[in-house]
Amino acid sequence: MVQAYILIQTEVGHASEVAGRVRDIPGVDEAHDVTGPYDVIVQARADDVDALGSLVVARIQRLDGIARTLTCPIVNI
Amino acid sequence: MVQAYILIQTEVGHASEVAGRVRDIPGVDEAHDVTGPYDVIVQARADDVDALGSLVVARIQRLDGIARTLTCPIVNI
Amino acid sequence: MVQAYILIQTEVGHASEVAGRVRDIPGVDEAHDVTGPYDVIVQARADDVDALGSLVVARIQRLDGIARTLTCPIVNI
Amino acid sequence: MVQAYILIQTEVGHASEVAGRVRDIPGVDEAHDVTGPYDVIVQARADDVDALGSLVVARIQRLDGIARTLTCPIVNI
Amino acid sequence: MVQAYILIQTEVGHASEVAGRVRDIPGVDEAHDVTGPYDVIVQARADDVDALGSLVVARIQRLDGIARTLTCPIVNI
Amino acid sequence: MVQAYILIQTEVGHASEVAGRVRDIPGVDEAHDVTGPYDVIVQARADDVDALGSLVVARIQRLDGIARTLTCPIVNI
Amino acid sequence: MVQAYILIQTEVGHASEVAGRVRDIPGVDEAHDVTGPYDVIVQARADDVDALGSLVVARIQRLDGIARTLTCPIVNI
Amino acid sequence: MVQAYILIQTEVGHASEVAGRVRDIPGVDEAHDVTGPYDVIVQARADDVDALGSLVVARIQRLDGIARTLTCPIVNI
C-alpha cells in the first residue's frame, strides 16, 4: 500500500467546497482547508503508485474548482 | 485578534482595480499595487485564523480579477 | 486551538533522521518522509497562532538538518 | 520617494531576531514575523529605486540570519 | 543536434491523454506521466535550439490540456 | 529614468506572437523568446517606477496571450 | 518496480561532476546536465517507492555538490 | 551562435560585486543588478548550447557570491 499527502491549489473562492467533496472519495482519510501557498491538504492511500495516480487524476482532479494538485507519496527510508 | 499580509496575484491587466476594491472590504487596513511576483499586497485583521480564512475566501477571492492569494498570518514569537 | 501542516525541506541526506526527531516534539501528532518538493510533512497543534510559530521556530527549526519550513495552519471556513 | 514591501526568508531559527533588528534600520516603517513561505515582512521607504536597492543590500542583507530577500516596490498605477 | 527534457504541467484531469499524444509527435523519444509538480516528462530532440523551440511551441503546446511547459536542453560540459 | 527587465509567461502556443507585439510598444527596447520558466524576456524603460508599472499593466498585459509578467527594475547600487 | 525522474539542483560549479558520479550508482539508467531551473536530470528505477526513496537519500544525496533533489515517480494511469 | 539571458540569485549582500565581475567575462554583453526574485540579470552569447553551459558553469558560477543561476537561451521561433 502507498500513502500520500496531496497538496491542492483551488480556483479562487472554491477552497471550502473542495475539501468537503474530497473527503467523500474512497481512499481519502483526511482533507483540510489551510492558508498559505496551498488551499487544501489531503491524506490518502492506494494499493500502489499507479492506483494513487489514478485516484488523483480520475477522482480528485475531476472535481470542480481544482486548479493544481501536488502528490507527495510517503516513503519509509 | 490575528493580523496578516495577503499577497495577491491578479489576472493580467486587473492589478489597479483589485487594489481599489480590496481597500473597501471591512477588516482590510491597507492594499497597494506592487511590482514583482505579486501584484497587490494587503494588510488585514480578523478575530482569529478561521475568520481570517473566511475574509480571504468569502470576500477577497470573490472579487473579479484575482488569480491567487497567499495569506501570511503575523506571529509574535 | 490551532492545527497545522508543516512542510519541511531538509538538507540533503538528512530526511529520515529529521522525521524521527520531529516526532518526539510535544505538539507534533505525525511526521512522515515524503518524495517531491518537500522531504518531511508534519501535523502539529498549538494553543494559538503565536504558540504555533514558537513551536516551529524554537523547536522544529532548531533540529539539525532542517533547511526550510512552511507552516500551513488549518482553517475552518 | 519609493515605498516597498520586502519579503524575507531567514535561516532556520533566526526569524524573531531578524525582525527586531530590521526594525532599527532607518527607512524601515514596520517589520513582522509571519508564517508561510516568507518569515519576515518589512515595509520601508527610500528616495528612489537605487536608494531602495542600497537599503536592502547594504543594510538589511548585512544582518545575520537573512537567507533571501524579495523587494516589491509599491507602484501607483 | 540538441536533446532536451520537457517538463509539462497539464490542466487538471488531462495528464494521461497528453502523454499519449505527445508520444506521437516526431522528435519525441519518450513521454511519461509522473507525480509531483510536473504531470508529464518528455524527452525530445531537434536540429538546434530554434528547432527545439518550434517543436515545443508549434507542436506540443498546441495539444489540448497543456497548461505550462518547461524546456531543459541537455548540455555537454 | 528607470530601466527594467520584464519576464513574461505566455499562454501555451502564444510565445512568438507576444514577442513581436511587445517590441512595438513605446518604451520597449528589446523582446526575445526564450526557453525555460519564462517565455519572453523584455527590456524596457520609463520615467519612474509608476510609469513603469503603467507600461506593464496598461500596455503589455493588455496583449492577447500573456499569462503572467514579472517586472525586475534595474538598480544601481 | 517503480521508475522515476530525479531533478537535481547542484551547488554552483558542480553540475558536470555530479552527473558523472550519479551515472555510476546502481539503479540509475541515465543522467544528463541540463540548463534551466535544474542542473542534472536522472532516470532511475527501484523495487518500490521505499527503495526509490532510499536510493535518492542514501546514494544520490550523499554525493558532494548536491543542493536539492526532486523525485518524480512515473505512474501508469 | 546562441544568445541567452542568465538570471542570477546571489548570496545576500553580494549583488553589486557579482554584477561587476560578471561584466568582465568574455561572452558577457550586459549585467545589471535588479530587484525582485533575481539579483543580477546577464546577457551573454556562445558558439552553441554546450559552450553556453560551459560559460555558465566554468566561469560565472566560479565567482564568489553566486547562489543559483538560471540560463534562458533565446530561441527564434
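We call the chains A, B, C, D, E, F, G and H, going by the order they appear; numbering starts again at 1 in every chain.
Everything below uses one rule, namely that a residue touches a chain if its C-beta (ideal position, glycine included) is under 8 Å from a C-beta of that chain, and two chains touch if they have at least 3 such contacts.
In this text the structure is predicted, and so the values were computed from the model without any measurement.
J.: Repeat of A-G among B-F, E-H or C-D, where over half of the residue-numbered contact pairs coincide, is which pair?
T.: E-H
J.: I'd like to verify one number: the distance from the centre of subunit B to the centre of subunit C, where each centre is the average of its C-alpha atoms, in whole angstrom.
T.: Taking the average C-alpha coordinate of subunit B and of subunit C, the gap between them is 26 Å.
J.: Hey, how far is the Cα centre of subunit C from the one of subunit E, in Å?
T.: 35
J.: At which residue positions does subunit F touch at least two other chains?
T.: 15-16, 33, 35-37, 49, 52-53, 57, 70-73, 75-77 - these are the residues of subunit F that touch more than one other chain.
J.: When you check every pair of chains, which ones turn out to touch?
T.: A-B, A-C, A-D, A-E, A-G, B-C, B-D, B-F, B-H, C-D, C-E, C-G, D-F, D-H, E-F, E-G, E-H, F-G, F-H, G-H
J.: Okay, in this complex, where on subunit A does subunit C touch?
T.: Residues 3-5, 7, 15-16, 32-38, 41, 70-77.
J.: Tell me, which parts of subunit H touch subunit E in their complex?
T.: It comes out as residues 2, 49-50, 52-54, 57-58, 73, 75-77.
J.: In the complex formed with subunit C, which residues of subunit G make contact?
T.: Within the complex, subunit G contacts subunit C at residues 49, 52-53, 56-57, 61-62, 66-73.
J.: Touching residues of subunit C toward subunit G in the complex: what are they?
T.: 9, 12-13, 15-16, 33, 35-37
J.: In the complex, go through subunit C and note every residue touching subunit E.
T.: Where subunit C meets subunit E, its residues are 35-37.
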